[in-house]
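First the structure, then my questions, so here it is.
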Amino acid sequence: MLNKNVMTFIGCDAEYEDARIVLFGAPFDSTTSYRPGTRFASQAIRNESYGLETYSPYQDKDMTDYNYYFDSGDIELPIGDSEKVLSAIEERTKIILDDGKIPFMIGGEHLVTLGSIRAIAEKYPDLHIIHFDAHTDLRDEYLGVELSHASVIRRCWDILGDGRIFQFGIRSGERWEFEWAKEGHTSLQKFDFTGLAEAVRQIKGKPVYLTVDLDVLDPSVFPGTGTPEAGGVTFMELLNAIHTVCKDADIKGCDVNELCPPMDTSGASTATACKVVRELLLELSR
Amino acid sequence: MLNKNVMTFIGCDAEYEDARIVLFGAPFDSTTSYRPGTRFASQAIRNESYGLETYSPYQDKDMTDYNYYFDSGDIELPIGDSEKVLSAIEERTKIILDDGKIPFMIGGEHLVTLGSIRAIAEKYPDLHIIHFDAHTDLRDEYLGVELSHASVIRRCWDILGDGRIFQFGIRSGERWEFEWAKEGHTSLQKFDFTGLAEAVRQIKGKPVYLTVDLDVLDPSVFPGTGTPEAGGVTFMELLNAIHTVCKDADIKGCDVNELCPPMDTSGASTATACKVVRELLLELSR
Amino acid sequence: MLNKNVMTFIGCDAEYEDARIVLFGAPFDSTTSYRPGTRFASQAIRNESYGLETYSPYQDKDMTDYNYYFDSGDIELPIGDSEKVLSAIEERTKIILDDGKIPFMIGGEHLVTLGSIRAIAEKYPDLHIIHFDAHTDLRDEYLGVELSHASVIRRCWDILGDGRIFQFGIRSGERWEFEWAKEGHTSLQKFDFTGLAEAVRQIKGKPVYLTVDLDVLDPSVFPGTGTPEAGGVTFMELLNAIHTVCKDADIKGCDVNELCPPMDTSGASTATACKVVRELLLELSR
Amino acid sequence: MLNKNVMTFIGCDAEYEDARIVLFGAPFDSTTSYRPGTRFASQAIRNESYGLETYSPYQDKDMTDYNYYFDSGDIELPIGDSEKVLSAIEERTKIILDDGKIPFMIGGEHLVTLGSIRAIAEKYPDLHIIHFDAHTDLRDEYLGVELSHASVIRRCWDILGDGRIFQFGIRSGERWEFEWAKEGHTSLQKFDFTGLAEAVRQIKGKPVYLTVDLDVLDPSVFPGTGTPEAGGVTFMELLNAIHTVCKDADIKGCDVNELCPPMDTSGASTATACKVVRELLLELSR
Amino acid sequence: MLNKNVMTFIGCDAEYEDARIVLFGAPFDSTTSYRPGTRFASQAIRNESYGLETYSPYQDKDMTDYNYYFDSGDIELPIGDSEKVLSAIEERTKIILDDGKIPFMIGGEHLVTLGSIRAIAEKYPDLHIIHFDAHTDLRDEYLGVELSHASVIRRCWDILGDGRIFQFGIRSGERWEFEWAKEGHTSLQKFDFTGLAEAVRQIKGKPVYLTVDLDVLDPSVFPGTGTPEAGGVTFMELLNAIHTVCKDADIKGCDVNELCPPMDTSGASTATACKVVRELLLELSR
Amino acid sequence: MLNKNVMTFIGCDAEYEDARIVLFGAPFDSTTSYRPGTRFASQAIRNESYGLETYSPYQDKDMTDYNYYFDSGDIELPIGDSEKVLSAIEERTKIILDDGKIPFMIGGEHLVTLGSIRAIAEKYPDLHIIHFDAHTDLRDEYLGVELSHASVIRRCWDILGDGRIFQFGIRSGERWEFEWAKEGHTSLQKFDFTGLAEAVRQIKGKPVYLTVDLDVLDPSVFPGTGTPEAGGVTFMELLNAIHTVCKDADIKGCDVNELCPPMDTSGASTATACKVVRELLLELSR
């Protein structure tokens, strides 16, 4: 008797009941204003993860030490209708939250974060967001469209309000976006992770959502994304930042997004995304 | 004194007042269910057209014989909101129609056709559509989304009704789409152009819109598209079909769509798309 | 409660008990003498199949009409040891045969066929092979290596002997391979499918294995393979040949191999491979 | 004792003294008006040729039957100075001619043909050219440049005059080029090889140069070229045309040009170019 | 009434009369000794610039604050004749200079710099050059060709003489080129920007031309160039170097060259080139 | 009289008798568990080396100062049988050793190192290995296969035993591999070259083999490899490490491996590999 082909991120071998962290993919990129393709990221990450070990020499921890990880696959998304897409993501997130587990979404473009935030902020109204990104994502609309990957953090702010969002690594945006942040709406750190430890201390004990737009990485490390922005952080800086967050913050959910496989011509960006996912899974395993 | 950089399809040197055919690009692909990228087609076709001659050895006609062609560039489209996108296309089409010229749209995914049809059908209520495609495009909705590239001809039918749409080259779709067509809603010819001349005769004197989904071509000839379907027509069959239509039908508007430059790794599909545009422009020049 | 991510070829929704045809992947390419990469084919075909409909306009049949298809995933193969790889394939094939089902293997390089043939010829000693390919694959060894993709049909002949193997579409090989065939060891048809119907009649009632090396297709239709050979058959010729075989032969097993996704830069070859698999699955459904 | 690495086209194992046909590469593409890269063709063809057999099932001949072929490698060309480049080609051609052998050049862009023609026409003043191409190549100059790949046949005509040049497969050019040909300067056959046998008969006994611009092939068969032109000939049509020429004409030299490896993303065009070279070498072996 | 399609670098919205800086493209790469393709750079940079903001978080300046920038498009260059190409560039540069504006050229290969230098050195005989590059570019000739991208700085020296040229970031060249520089002909700094501030001080008040060969960047940051040289500078080091030059030197003209889009498979190098152009435009806006 | 085409790494112009260092290629990748393609590395490095100068500005040495280098080409390897492949490599290495020269192998996948080690350890039983790599390569077997690129250093340890192998830059492996090393079997330095100078001092006077798996480099610098691992060393760190080894160790043989040209989409990794080869050749020239 043979089994149906199962395809998960490596090391995601727990049964659903036992799992503490539940992965899912959100293969959506319809609002991407420039090069689309992030819709292929979650499947690419699963495929590629078979070249990865479950052991991290950085943390000296192994995914096999924990029976925590479950991969529930991609949501089937109604491509072409952003509102319906967000609802589907919200629904999946809610199921995972209701079962007492941590939702771990793999995008897709950054707009998908809004779906998760809707569900998590409903359960944890004093939610805070830690946001790693090259872009501000604070536009109020883009050519009249309010649900856009360039607006996603602004839409999260609509829900959470001032003082809840901490942005790091930002190096691209319109001038007024930087100014709007400076008015106190978000805490925005340009170029790097300066102030991250302080921010984490500041929100200690509060529920936190961590959203990692992989384009925070320098394009040398991570060319495989739709809008590469020179001048980003290194892989080790990102790992350290993730460690800084996870060791003290109360993470209620997280996502890793904006890998664009069609732009990842050598495969190195997908491999790097896999490692970020593995390191984040292990950092969340405490 | 220097001039700003102007970038048009080759041979489009008429002033707007003199032009009879007005090109525009509709760089939209948000409802594409599989591989996106057609948004880059109109600009790629302009760039590539400089490798093309204005003379057609097939028709023994030269674009320079006519002072007919104007390229009004791409519409700036609100990516992520299909309804707004269609309105913008409808508006551009209407301007061209109102000025007594033929709108010639370069997609983009196939959904953009709906924007043009809305404008043209308003002006010519007894409009007929001749549709070259590998796909039926007759779905009523796709995961709850009604505005989708897989539904575009169905949406056109919503406007025009039975007996107005003639489909050729179709070789992919769900069974019920073929059956729905057979119930008399559209005239659907599988695989090739059999019956085209007869169809053109049948609608002689009526206003006609010609929509060419380039994936009607065999993937050997045209691999650079999002959903390549083996078993298509040859380049010469397509040229002949275009000739059959243009020599007798009263074309009020047309489009050429679904070139997906990121999939066109050799550049040959973009070159072929350029030639289809040139041949169609010359066929329309009578 | 969420389910683990399942990933199968489209339309393979039967339970194992009910299935009549069982797919599996053999991701092996270690003996490939030129461009490797066919190891990625089975997973690529599964991924790509979601762009495919379950309905065939060629046969006017739909996979959903049958509850026949099961996808048991890829065998985990001990890369680097051909003999162990063949044993693993033989074992999987045997399980499927023992359960009274038809094994349908997706390669991988062509050597994988030998693993299946070993299992099937054991059960059906008077097995015949129908072989579509650009290459003879009749070398006795290649640089001293007997288990090679260039020798696979010769190795099958070692098991089955003269008069059992019918080769079509062959257009590449060393001279002595063609001559060796002509001595009566195999029936070899150069370039096309001439004589196929006759061959099928000749072995009517005998157990038959159909092995389709996709490079039998012309490189224009199927560039995504390791050793493309100009001058091949068209997609429709291949579909017709499959039909000719399946309507009369008693197929006990089959495979489709030599898609090399890294060479399929446009994706069109993978899409074509999917269609060949779908059409073959439907042809086998009688 | 080890030998230095030697790298030749497959089957070119003769010593220079014994050889009847001498290959050389002309890695030049500086006048290419659109996509450069043909400079990499000769080396790519050598590399790729190791995937080729020396036996042709089309001719039932094997390169090992003849001790005729020598590969003298690429000429080191002074990139950036077309006149010097042509002199270097002329010189290499002359050496081969003076040694009583047939020069077989692998381009490079089509301009390289002029270098060979200069040498051969000097030795054989009543030289005729048979020219397979998608393009007329009859421009008198291109932006003031007279030595251009778009002018190469015109430059040959400068040397040879009216009635000496027979062009086949032509489907792209400016109108006046077609008209200039029609005035009797060259014999120009549009689209295919109609009239080729007649032309060969007409020049029977005269010295002939055969220049094969591989873009005469349809882009489906041969996408890997800088200016792909839809509507070309098939691989079998080209093989037959080569056969038609070689069986009756007195070939004094030949070239195969315009493979552009950077555009040959699947490798199939390079493989096809190799086969054209092999078939031409065998056809010349009588 | 519709307008012709205009295509400029982002933010280049000034009228010619008002502009202080005039961009133009020099799409030439005929003397490139290895991988050609820089001819596509200027158009690729324009296309890609639409993904860029006009605001620089590095300088906290916005292109919209200035009405300085005009993009006059690409010069139509007589490909294949380097001397004619240089004349065309010289002529365009002269027009811009005569109108009292700063010419800002986008290459193309590095030889194009010579065209600009000819025009600028004629107007400003005591011109100095600041040169960022991985390569010395000091060869006197290359296979007998004096107009070569490997000789461009040597050709500039022919015009300007000793002590006028300051080279930084150099890490590739023949030994004698380094020695020739050391004899006092140019000031050559290996590997990095050490001494740049001092050099700028030294030539304060003199007219300066800044030529940026983007391969001065490390290939990790900028793989999309014809001759990538490991061991280069970072993006931030380049921005800082540009700032060091622009804040004190009297820039009369500048260029950014050697982006090779066909090598930029991920698009990240083109995006980085756009940012270098934007930052340089803003640095020049004082 | 013309010569056969010779193709060597640049600057390898010595006669065999005079050479001190003999290059050869080992184009093998059959045990690669993920992305194959390293078989194309040695030929790609030769081709690409023509873009390289023979002069190193790092060492201020020129290959032309020495008459030391000979390139004996690729071994023809029996693809598909690892044991036969290793024997062929061992044999070539032995010839070079017996002639009193240093074998310098260009892989191929890392398993090829075992062939060289067998020959060299036979001649120098107290051989030590210095190993630069991202991966431990210490698995005892992989799915039952003992000859695997993931086991190569373990197989070398089988020959040499404890205390002989020094590993640097390691950042990927299974936990037990790191633990096995820590038990004293090898000296394993995670992430970087810390302790290298000390290790070289420790084995001063002993025979040493240096094996450089190029994936020790960060993927930003070297994406063109089958299993890219984020967090690696820079190009300058690698050059310095090579210098540290070569200036004091008694190198009896070396290799550079794991360049995977199909993954090197921009060409920058192949260029970097060439530079590593050149720098290593020059460091060995004392």
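Every chain is named by a letter (A, B, C, D, E and F) in the order it is written, and numbering of its residues begins at 1.
Note that in this section a residue touches a chain if its C-beta (ideal position, glycine included) is under 8 Å from a C-beta of that chain, and two chains touch if they have at least 3 such contacts.
The structure displayed is predicted, hence computed values, not measured ones.
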Joint neighbours of chain B and chain A, given as chain labels: C, E
For chain D, the least number of touch steps when starting out from chain A: 2
Chain at maximum distance from chain E, centres defined as averaged CA atoms: C
Distance from chain C to chain A - Cα centre to Cα centre, in angstrom: 41
Euclidean distance of C-alpha centroids - chain B vs chain F, Å: 55
Residue list for chain C, restricted to those that touch at least two other chains: 33, 35, 218, 220-221, 265-266
Arrangement of touching chains [line / ring / star / complete / other]: other
Complete list of chain pairs which touch one another: A-B, A-C, A-E, A-F, B-C, B-D, B-E, C-D, C-F, D-E, D-F, E-F
Of chain F, residues touching chain E in the complex: 50-51, 53-55, 57-58, 60, 62, 218, 220-221, 235-236, 239, 265-268, 271-272, 275
Chain F residues within the chain D interface of the complex: 1-8, 16, 22, 24, 43, 46-47, 70-74, 92, 95-96, 99
Residue numbers on chain A that touch chain B, as the complex places them: 29-33, 35-37, 39, 76-82, 84, 142-145, 147-148, 262
Touching residues (chain side chain F, partner chain A) in the complex: 33-35, 170-175, 178, 190-191, 218-221, 223-224, 227-231, 263-266, 269
